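Structures are listed in the sections that come next.
Below, subunit A partners subunit B and then partners subunit C, in two separate complexes.
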Partner chain A sequence: MSWQAQLEQPRSAWSAASHLAHWQPKLVRIWALVKKETRQMIRDPASIAMGVVLPVILILLFGFGLSLDVKDVPIAVVLEESSPEALGVVAGLQLSPYFHPQIVRSMPAAQELILERKVDGIVRIPADFARRVSAGDAEIQVILHGSDANRARIIQAYVQGAIGAWSQRQAAEGHGMAVGPVLVQNRLWFNDANDSHYFLVPGLIVLVMTLIGAFLTSMVVAREWERGTFEALFVTPVRSDEILLGKTIPYFGLGMLGLSLCVLSAQYLFDVPLRGSLWVLLSASMLYVLVGLGIGLLISSAVKNQLIASQLTMLATFMPAFMLSGFLFDLRSMPAAIRVITYLLPARYYVALLQTVFLAGDIWSVILPNAAVLAAMMGLLSLGSRVVTRKRLG
Partner chain B sequence: MSDSASAVVLGRDVRKSFVRGRHQKAQDVVHALDGVSFELRSGQLTALVGPDGAGKTTLIRLLAGLLTADAGTLRVLDLDPAIDSQQIQDRIGYMPQKFGLYEDLTVQENLDLYADLHGVSAAERRERYPQLMQMTDLGAFTGRLAGRLSGGMKQKLGLACTLVRSPELLLLDEPTVGVDPLSRRELWEIVHRLVHAGLTVLVSTSYLDEAEHSDHVIVLHRGKVLAAAAPAEVTRLAAGRTFTLDPEDGNARRLQARLLEEPHIVDAVPDGGRVRCVLGEGVSVDALQLPRTQPVEPHFEDGFMVLLRRTAAAEAMPDIKLEHALTLQPDEQVVEVRDLVRRFGAFTAVNHVSFEVRRGEIFGLLGPNGAGKTTTFRMLCGLLPASSGVLRVAGLDVRDTGAAARQRLGYVAQKFSLYGALTVQENLEFFASAYGLSGARRRARIEWTLQQFELNEHAQLASQELPGGYKQRLAMAAALLHEPEILFLDEPTSGADPLARRAFWHRITALADQRVTVIVTTHFMQEAEYCDRIAIMDAGRVLAQGTPGEVRRLGSAGHGRLPTMEDAFVCVVEQARAGEAHSGQAA
Partner chain C sequence: MLASFKRIVALTRKELLAVLKDRRARNSLLLPPIIQCLIFGYAATYDLNHVPYAVLDQDRTAASRELLAGLDGAGVFERVANLQRQADISKVIDERRALLVMQINRDFEKRLLSGNTADVQLIADGRNSNTAGTATGYVNAVVENFNSKWRSAHAQAGPPVSVTARAWYNPNFETRWNMIPGMIGTLTLLQTLMLTAMSVAREREQGTFDQLLVTPMRPFELMAGKALPSILIGTIQATGVLLVAQLWFHIPFAGSFFTLYSGLLMFVLAAVGIGLLISAVSYTMQQAMLFSFLIIMPFTLLSGLTTPLRNMPLALQYFTLLNPLRYAIDITQRVYLEGATLVRLLPDLWPLAVIATLTLSSASWMFRHRLQ
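The block that comes next holds the complex of A and B.
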């Protein structure tokens, strides 16, 4: 009978544990600690909140945040000629529910509007538009306020959509032969190099995994030091590696639960594709949770105080995961010094893995190096937490 | 019996020091154990007694392999705890002071956890669990979360967890601290039964009366062993030198305070309307011209005080003199509590409590943890609204005029509630400002407190780095800054050593003599003797009220001697609980 089989039958664990006592007391002790930790976790509203409620809330929050359509965007339309073709484009924009166009006659007037943020973009219809439409090489310039890159991208797509619709109408009305494709020239102002990707699901998963992995474990270990429960535990046959495993296993489970919630809702609520394979996603997440657990254990064993441990873990893991992992802000646009720091952050590698698995597929040239770094970090951290969690006080 | 073959634990010149604070200055090194030699013999109950900070916990942690000694030899079960700590931990039972029960696990789950960790088989459990349940009376509560148990029950569960299998040595670190007298007795009965069955037990305690029942005591003070002997030998040190005195004016407290100042007197404590006093070596009663003396049998504590005075040079007892005498009418009623009720949801923490306190009185609220003492206090100070009842402090209704009433009272909370990172001076300045003092007045008040509480030499030290006794002084100093006429003290002496406790009461007595009204809670039964009147509280109700002498007579000790305060407490609480169970059955 394997002890894993026992894991699936908590009801009979008690008697099974005593059976095992004769040949494998170590496993019995680990199992006893896992049981204890799981019970505490289930009874502690904070763990449930972080492992289950938080992922759900974040998913809904992010999901709604992104599905909210961009509507009635104020844009300036620079009308440099009043040909029917040009007016047709303007009408198309005016009829669209997405835009609230404001007609100006010159580019400087439009620029002033965008600088004052009275409009989010400029659509410029050049003076030779009608002539070039007939020639088949018409161009419309679209300039967007790039301070909010995501909004800009959405607006850009709508402008293109509106103009595309106009071209089709033209074609349908029989001008088809005369009207060539209109080239929309996009410019993103104020953030020219912007090339970031904003992905709902990878971002969510990183946050949830970081909270469960590092934050929660640092709290529960610090709590044991604070309440003096470790002191009694230490003077038993239990070994420190067993204590660490007893902490790791249940929170690992909780992390996997949070992950499943994120992935499932991504697939079924928001139709986010998972292009890579599930097992790669799971393995990468396991590595990251273990790294997070290592950090949490290390911090809490060092400071032995719940408040300080939670603050430190927040600063050391959650904030960087949010800001410096490449999930919110593009790493390539960061100053070199900060980019160097990001190489120290496990979240960076995890984000790279997630983005690849979700959006590109199993690209091994990306997955393997990132996973290797996480594995190395995990090894170092578990060694480290093994060293600091000695059965000694003071 | 000095055969070291039967010694389960052996220590020779054991040393351990810690560095206090961040600055590694010489005076910040605390010698927790300063050359300690001792042994524990097989099958004996050894009591490790000493005030807080004596080094008891450090010594026990060394034995359990949780700390490593700086120097000296230590053998536990013939192993070196610095090297073979795991082997020792496999074989001993250890109950730390703050026992690590998992409060969100049930009684049964806690027991199972320790049984699993110790590898106790199912067959052994079937035999062991009923024994443990019978011993601890926890059988009815196996499904209850450990966090919902009373203080005494928690300690018993902690003990049960360390006894899930038979250890070769049992180490108990202050198992009875903060536990009500009833549960204390039960715990001791369990310990005695274990020793009777052949177990070697080391129990540390700061309750001196508990040492009397052990086979052997190790008296520890400031990291040094003052005595390692049978308890009777320590008691004998005070033989022929212990007397009780009858105060001529009926005021035992004032006589006691005066006697403590005498250099020839080792110790004096109030005792049921009389004063119990231990004379210095070679001092005769007649020479001192003491009133109406009567020789009595010494107790362990008397002998302990003789030992303590040998090392600690007789310090003058601190006095305190109010800057401005209170010119208020004496004997006027200042605190009135009638039918006070406080509910937290379905739980009634304070259940129709009534008492009154007159000016210049010391009034004591006695009771175990959870009796409702602190809740009552908080309501008196206007920190917590009452559910119903009358609450008048200094003639003001606290429920209407909380802030006005607060100006006239000083409150010292149970926990040290000053700012640890601020210096003594800064704390006093802050609290003075908080009480609305400013300018010359503030300076004068701070000067007064620093001087009266002898805090001048520590004025620039961060308050968290003060030694324990000084922290308590600072807390009291801060509470007296605004010259309150009423002083509330919540468990002021918990964690103080016997000398510090006597100094504390000396100050309180002086304040009461200057018409400051004092209300104090304590779980040290003997300290009730310092009060003019006391009320015994349990489960939110006042069970008995009166002068210490009156309350003591409610107990039954037999043999014609006056019952101790603890006898009375146990008696009163047992009667009340029995009555409750009875009425519960009737209903």
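The block that comes next holds the complex of A and C.
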């Protein structure tokens, strides 16, 4: 029997044989839609720009552009005396890979440098330094520019570390107790080298997935509503759940392509380990892409206008994925009202999953609850998108 | 001259009407920047005010309790568990119940009393290494405090050198003080660029741009008439965000509003110029939207707001010289915190002026020369 004949067969017969015959035309219709959507996607420069070019730009920017690591920080060292002690401190700073010290003779010169933003901080070794070291109460002044408070705080800790190391060497020569009495031994689990790529990668993946899942879908579907091609689909024999599947499958595929790009670059470009299992990562990402697709479909069907749909999706998915997902800023420190909002955002659960699977491993007590929330969201959204794409005009 | 001025005003008026006549469009211009500023103003901070931690105290002496009391009393740390065994550490960290675990060894007090140094182990969840680093810094400060108290109580000599650190313009290292001024430029850019990019593209798509071209308007007047409404709206959006920063978050403002607005105006000019250029090269609204998106993304990521410019590789640092947002963020932060004057801001202002001149003039040239 040819597929055309199957299409025309009435659906009412309900026997074992016709059950298969009932499903086959459905699959044929979905397959036809998927083919049509895939071609449309590949031939549409907008989809390629959003689904391929933008993710690649993001990967490159995250891989090479963004970093919170402190390295070669330009600092001014005000050297008010040239005693061996003072020079020892300067040598300690010069040897440290974190700093790029520039020696000046007076405080006003250093101030000018910091105001011109040529240096990020000033280390001032006062004129009576050597004398006061032997008295045991020397003081080194560190001045930082507060316009990037986070960086200022990190630099402060590193300066303290460099001077502490010098002071420990002094103590070894019998100048009192260098450190302590209580000494903190830090261990950073999951990221021993303190490489900021380790926490940027989950952020990168959540942004790319949001872009493809929610943003691209909402734009494409809104365009169909605008042009009236969605209504044109309604007069064909395809049913609304088939339209949804036909739309979803190609973009889902594109999302998986984006994911593989990200995972490959995480492994080979940024050297970020994948400590959990790949299938957990894949399943979590599939869930998230489906949630994103659902949001995109819902928003675009609700507003039916490309411009407004893209702005809404940007506000509801992309910006929160950046700011409120916990990949960059700590969720626990946000005020309660904002935290409540984050619980409504799928990105939060996905970031928790990504951070754990990439860096910590398969920790089920984290993976299962977060995946369950995503699955529930997906269920709700697919129900919702079925309702809004029910065949109706107007 | 007067006729030219009248034509520009007429086009400006028409543009403003086209944008503002629709209530939904009107709301989508002013509300999102303000709401985003409110939400992100709270969210976008690297400061921590709630750090859950667990303790494995194997010493259980007066000294160890005093150290822990210092942590509990700091107001930032919340003790979520008292662990009994070493094996429990990985459980509370893995499950993300605690960000930090502090382990105090059995001989802690004994070593302190005998004048030796005593180690405490601090284990941090490095899944977000930045947060972990900040929390570790807080613990170090508490321990340092304990140390100096212990030394003075037991008449021990301290280290020969002490470091006193001060952050100019932001004494408590508050990230909010630099994030929120930075957001004035960022949120304004997002909206202004999109809005302007749409303006000509919309007319192209609807075919009304050809009609504009056959009017007596010269390309410069067309450009000015299209740019002015966006500049006006951009300035109003920036003011909206500025009001949130001033009235809601009370970010200290050291500079003058004249300086701030001069900088913002220059920035909005540059942003509008880029938007018009995008508009001039795109044939449909969708293209315009895509191009603006492709530009906004690197501009916001490489602006220095979330990660420092100096950490970027040199090639990208040169690229950021083309980014108007980079200068806008520097201007707002420095006017806010340093109270910088126009003269100090010249290194930021002249690149903006160059970007604005180049983009606006090439946009008006493109209007005329891109007719199919």
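Definition applied: the second predicted complex is superposed on the first by the 244 of 394 C-alpha atoms of A that agree within 3 Å, B and C clash if a C-alpha of one lies under 4 Å from a C-alpha of the other, contacts with A are read in each partner's own complex, and residues count from 1 in each chain.
To be clear about the criterion, a residue touches a chain if its C-beta (ideal position, glycine included) is under 8 Å from a C-beta of that chain, and two chains touch if they have at least 3 such contacts.
Remember, predicted model here, so these are calculated numbers, not experimental data.
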Which superposed partner A:Pro25 touches (first subunit B, second subunit C, both, neither): first
First (subunit B), second (subunit C), both or neither touched by A:Val238: first
Comparison of subunit B and subunit C by subunit A residues contacted: C
Partner chain(s) touched by A:Lys36 [first = subunit B, second = subunit C, both, neither]: first
Partner chain(s) touched by A:Thr229 [first = subunit B, second = subunit C, both, neither]: first
On subunit A, positions contacted by subunit B and by subunit C: none
Parts of subunit C lying in touch with subunit A, wherever the complex brings them together: 24, 28, 32, 36, 39-40, 42-52, 67, 93-96, 99, 111-112, 115-134, 136-137, 139-140, 143, 146-147, 150-151, 156-171, 173-175, 177-178, 194, 198, 285-287, 289-290, 293-294, 297-298, 301-302, 304, 306-308, 310-313, 316, 330, 333-334, 337-338, 344, 347
Residues of subunit B defined as touching subunit A within the complex: 18, 61, 64-68, 85-86, 89-90, 92-105, 109, 112-114, 116-123, 125, 158, 161-162
Residue numbers on subunit A that touch subunit B, as the complex places them: 14-15, 17-19, 21-22, 25, 28-29, 31-33, 35-36, 39-40, 43-44, 224, 227-239, 391-394
Touching residues on subunit A, where the partner in the complex is subunit C: 46, 49-50, 53-54, 57-58, 61-62, 64-69, 71, 73-74, 89, 114-117, 120, 133-134, 136-154, 156-157, 159-160, 163-164, 166-167, 170-171, 175-192, 194-196, 198-199, 219, 223, 306-308, 310-311, 315, 319, 323-324, 326-330, 332-335, 337-338, 341, 352, 355-356, 359-361, 363, 365-366
